[in-house]
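Two complexes follow with chain A in common, the first pairing it with chain B and the second with chain C.
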Partner chain A sequence: MKNKRKIRHQLTWYSFIIISVICLVTLTYIPMGTTIKYSFYDARTLGFEGSFNGFQNYKVLVSNAGFVKAIINTFALTGLSLLVIPIGYIFACLINGVRNVKVQSLFRVGFYMPNIITGVSVVLIFQVVLKQNGGLLNSALSALFHTDVTVGWLADPNYAKFGAGILGLWANLGYCMLICLANLQGISSDVSEAAEVDGANGWKRWLYITTPLMKNCFIFLFITTIINGFSRFTDLFIIGGNSASGRPGGSLQTLLMYIYQYSFEYPNFGMASAGAMILFLLTFIVTMVNLKLTGFFDKERD
Partner chain B sequence: MRTKKIKQAVIVVFLAAVLVILMIPLVWCVTLSFDRTALTALPEFSLIPKEFSTYNYEIAMKAIPLWRYFGNTIFLTVVNTALSVFFACTCGYAFAKGNFVLKNFWFVFMLIVMMIPFESRMIPLYIEYKSMGLLDTYWPLILGSFSYVYGMFFARQNIAAIPDSLRESAYLDGAGEWKIFFHIIIPLSKPLIATLCILQIIQQWNSYLWPLIVLRSREKQVISVGVALFNAQENAIIYGPRMAVAVISAVPLTILYLILQKHIVQSIAFSGMKQ
Partner chain C sequence: MKKKILSFALTIPMIMMCSAGAASAVSAEELEGTLRMYGPGLFTEVGAEGTVDIVSGLERPGYDKLLERWNELYPNVKVEIEAIPWDNWKAAVQTAAMSGDYDIIIHGNGNADFCLDLTEYIENDPEVKDNVTFYPFRRNPENFTEVKAYGISYTLNPIVCVLDKQIFEDYGVELPDSSWTYDEILSLAEQMTGEDPVTGKTTYGISMCKAADMYKNYKVLSLGLNDVIFDFSEKLADTKVSFDNPTTVNVFEYIQKFGEFSSPDYLEGLNLANAWTEENDTAMTWADGAYTIYNTIKANGLEDRFMFLPLPKVAEGVDAGRTSSVLQDLNMAIYKNTEQKELAWTFLKFMLTDEQAQQWLIDTFSIPANTQYTGLIQEAMSEDYANAIAEIIASNPFGFDSSASDYYDSTWFGTLQSDIVTAGDMVLQGQSTAEEAVANIQANIDTYISSLE
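Moving on to the complex of A and B:
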């Protein structure tokens, strides 16, 4: 009788998680295992068994100029996108300094607005904003400097990364601002007031007291931005006219676009899997650093 | 006192100026979409269309089945959001309050999934669905929603904060776990559920890569892919219709945002606080 109750107790709790567990096994763990397996196989066509060839795929990838370029592009684009954190933080501080509650709320809602319109629309809009001749940015720069500025922000391989950076900054500024603002307002005002009593001026209080208290918030944004940067795909894919070649001139081809090319445009499943494994390892390392920095391991040990 | 007021004014004016700059691309996009002259040549910047007409929208409507795409996307967004948030809550409840064998094992099992980017298992997943004959159906887009790991962690943290005394009194009344879940946990988790729903809706509405890969039929596509296909299929660049398409695809979420702005802003901030 008692055993029966115990089993029922177990079954009840398992009924809460079982569907998600089955889903994760079939849609995450098994495919991940397949990726690992095929990254060591010479499998040229999708769905056909290949032959084991050790680390050959990885070797070919690492010595492939296109792959190295894709990695460098990914890091460069991710590095540029990190700029959104300090800029977002500065705006969060300014908005936090607005006394009038209604005006503050207006800025909060307004700055976050571009983040809602992510996806394809943003790219369509920015293709016009960043256009070489008659684009909004070049027109504004021309008027500002009284010369004809015709930078191909999304057409010239030398500038395309900055164009993509401007697009990313516009789309993500609101998110960073919002997260920073929420964390700023969560900081107890006691600390700042105590410093005020000690005679620290506003600027010093901001630099030495408020900013260090935001450490965890910065780590969170830093990690999220890096992970999103590693798997950046959609906007650059559309800029290239629904092609993963990273137009203009391969300057916008990220790691994921490179993998996509090997998966669907000219299939080599083994190579694509090896590329996916490298993407996984990069994300894994960043996540582990994140968990270490935020003290996750210490908490679990207690 | 006076310097403080001046400082406030400077901050507000500066922020307002930046906000205007941020909004200009959106405003111009709407303007162009109503400008009959915005075809192959890009008109100069202005806040009102040179020649107002809805011609661009008519062109866009003719070129792609927009209403169809809207319907598809709304369907998928609603189904996926409902499923993923529901299962995030059930798992969150089990890990927050349950005691069962191997609880920690399953928790780590789910934690690991957060470290596997979707993109690194995309190809085998595609093959898995291909072998099941489910390509070009909505199953590949829906089945993944039966587990929402980020939501599960978030739900666990929030449900753990609900005091146990509420559950204990329900036990004494003879309620089972599922009854407690539906009658106590769910009603007390409204902010949590709202936040997860908002995060999911935004993500689902904009999902692009996976629908692009698994859907082949034109009429089954979702709005984001449909819009991008329109973008790519036009050989001669015609700006007006392009902007019309951009506006149409962005309108539903924008309206949702304008209606629920305060809740959405709070929810997003909330999701970034509990790390």
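Moving on to the complex of A and C:
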């Protein structure tokens, strides 16, 4: 009797989360399970079971030069996008140093503005800025160095990653700055004031006190930036002329774009699912390594 | 007596024709049901009530007009259209077909798993068979040597060459005709790249189809040079693909050479903002969407300045002498498990043969696939434009469809289409030679095929 009452009592509480659990299972875990299953099948048409082919899809993908290139591109572009963390942090520190609240708000909004502009507009603007002939950046560099600079920032396969890096940096700087700023403002001033009493100058306080205290913020930004980098798609798709081939010359084809081809352009859902599983594994491994290196698990144990 | 016999002889067939007409009218009225259609394409573009073209300001009637005509003929057959955008359309039409809720899959012909083989319908219907030169053929996945029509094209979209007659005149270069060759195009492009002798502006010889659509340039050139790369076997795994051959190298060399006479913006993959305007700076431009281009030129009041020309004829092989201006299409297929196959075929045939339906296509700036109605294009456009389109449709290699040809395939060989775009881009940028591009693609194809074994 007592148990029954206890169970009924618990069911009341569980009923509050039942809808969320059903949605999570139906919309996330079942599709995830289906993706895992499809990755071992030759499935070209949705609904048709296809035939089981073991690790064949994985084998084809890892032995395909295009897929390997897509992985390298993804890591390179993600690596470049990580630059947003130190730059965002520096901007956050500079803005944090502004004492006038109104001016500080102005900078906060100003830097965050690119995040609320749609990706398509950003790409179209940057196609003009990074244009090879007569582009804004090349014109500025030409004026600065007194020589004709015609770098194909988005057209030359050798430079396209830098061009896409600049674009990504501009688009994500505001978000990164805002997260850093919020964390900076959450740091207690006690330690810093104590160091000041001990004779530490501003530079030393920033380097040895403020920056180490931002570690958790950096871990968060590092992981989210890596996840976003690995799933980068829209801007590169538009740069390529609404093509997942990663123009120019496949230099901007990320793993997700490669998978997209098999999902929507030449449907082979088995291959697409295998690609998605590889992407998941890579993201998981990088995240775990990052957490391990930053001592996240040690802290959990403590 | 003779008169009586003659009048009797004439009356009998007349009565028979009338009764046949009445019978067919009755049978049309007797047809009942609801046809459900799903897919992307023209129906999405125009919507139910029509649209206004933002460039030209011209109005396009919606599909309600088409359905009005359909219901005049078949008052008891309701047609419901669920028009979707092109985004992710392949997966969307697959899902729709699998639901079993639709009888007609718009642009669904690419998948033999769920589309009905229409060969028998076409063979038994001379009204269709005799007037169509282009079918959206696909390979039979049960036997890859077989090519079948799993759909019917209702409108065509040829790749044309747009000539700027002004630039030709400024350089004192004679206008070519459709008997030209790719070498002549190259020579013309070279002649008209530089400083325009009259205006002093920089002009460029040629722009192929935009760089992101490099596979279209490949399709045109490979057909033109008769670059047969596939030797299909019953099983895909046994198919021989000889991509790495001297003719394919030649195809990529043409791409590379044409690129030398293209504008920097084209090479960068940017939209050619000045194309079809007063400021146009390119003598020859390959493009699809001929009707839209014509409307833009007309809206800009430049009909006299430009003209269309088919791309060169196929050099050799079974299609020698036919145009290499590849046709693309919008098509419809019948879901193979629908219980209304005959009714669905009636609608497909209506889209292809009814005169008012053809006029609706023209009014929506689409090119009818039925050669009997090519004349409507000639009424709608001036001859500098219409003649080229008519010639392309008439001289299209019969039944040639790039997805079921021996030159090119976008369905069965993994990322071949994307690989061609990438390789073509590298060649255009001078980052790779034609030989390297071809060898890389062959390696990818080999890997893919070996995975099928």
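The rule is simple: the second predicted complex is superposed on the first by the 264 of 302 C-alpha atoms of A that agree within 3 Å, B and C clash if a C-alpha of one lies under 4 Å from a C-alpha of the other, contacts with A are read in each partner's own complex, and residues count from 1 in each chain.
Following the convention adopted for this analysis, a contact is a pair of C-beta atoms (placed from the backbone, for glycine too) under 8 Å apart; a residue touches a chain by one contact, two chains touch by 3 or more.
Keep in mind that this is a model prediction, so the values were computed, not measured.
K.L.:
Chain B versus chain C on the shared chain A, clash or fit?
P.N.:
They clash: once the shared chain is superposed, the two partners overlap in space.
K.L.:
Between chain B (first) and chain C (second), which does A:Tyr266 come into contact with in this model arrangement: first, second, both, or neither?
P.N.:
second
K.L.:
In the superposed arrangement, which partner chain does A:Gln132 touch: chain B (first), chain C (second), both, or neither?
P.N.:
second
K.L.:
On the A-aligned overlay, A:Thr294 touches which partner chain: chain B = first, chain C = second, or both, or neither?
P.N.:
It touches chain B, and chain C stays clear.
K.L.:
Is A:Val101 touching anything from chain B or chain C once the two structures are fitted on A? First, second, both or neither.
P.N.:
neither
K.L.:
Contacts for A:Leu144 in the overlay, against chain B (first) and chain C (second): which applies, first, second, both or neither?
P.N.:
neither
K.L.:
Once the shared chain is lined up, is A:Gln56 touching chain B (first), chain C (second), both, or neither of them?
P.N.:
Second partner only.
K.L.:
Is A:Gly241 contacted by the first partner chain B, the second partner chain C, both or neither?
P.N.:
both
K.L.:
See if chain A has more residues touched by chain B or by chain C, and give me that chain.
P.N.:
Comparing chain B with chain C, the partner touching more chain A residues is B.
K.L.:
Is A:Leu154 touching the first partner chain B, the second partner chain C, both, or neither of them?
P.N.:
The answer is second: A:Leu154 touches chain C but not chain B.
K.L.:
Could you tell me if A:Thr34 is touching chain B, chain C, both of them or neither one (first, second, both, neither)?
P.N.:
The first partner, chain B, only.
K.L.:
Once the structures are lined up on chain A, find the stretch of chain B hitting chain C; candidates are 146-154, 200-208, 236-244 or 254-262.
P.N.:
It is 236-244; the other listed stretches have no clashes.
K.L.:
Shared contact residues on chain A for chain B and chain C?
P.N.:
46-47, 127, 131, 133, 241-242, 263-264
K.L.:
In the complex, go through chain A and note every residue touching chain B.
P.N.:
9-10, 12-17, 19-24, 26-28, 30-32, 34-35, 38, 46-47, 91, 94-95, 97-100, 103, 105, 107-114, 116-121, 123-129, 131, 133-136, 139, 170, 173, 175, 178-179, 181-183, 186, 216-217, 220-221, 227, 230-231, 233-234, 237-238, 241-242, 256, 259, 263-264, 269, 272-273, 276-277, 279-280, 283-284, 287-288, 294
K.L.:
Taking the touch rule as given, give the residues of chain C at its contact with chain A in the complex, in rising order.
P.N.:
88, 90-91, 94-95, 98, 111, 113-114, 210-213, 264-265, 267-270, 410-411, 414-415, 417-419, 421-422, 425-426, 429, 431-432, 440, 443-444, 447-448, 451
K.L.:
In their shared complex, at which residues does chain A touch chain C?
P.N.:
For chain A paired with chain C, touching residues are 44-48, 56, 59-60, 63-66, 127, 131-133, 152, 154-158, 240-250, 253, 258, 261-268, 271.
K.L.:
Quick check on the complex: what are the chain B residues that touch chain A?
P.N.:
Going through chain B, the ones touching chain A are 8, 11-12, 14-15, 18-19, 22-26, 28-29, 32, 41-42, 44-45, 87, 90-91, 93-95, 98-101, 103, 106, 109-110, 113-128, 130-131, 143-144, 146-149, 152, 176-178, 181, 202, 205-206, 208-209, 213, 224, 227-229, 231-232, 239, 242-243, 245-247, 249-250, 253-254, 257, 261-262, 264-265, 268-270, 272-273, 275.
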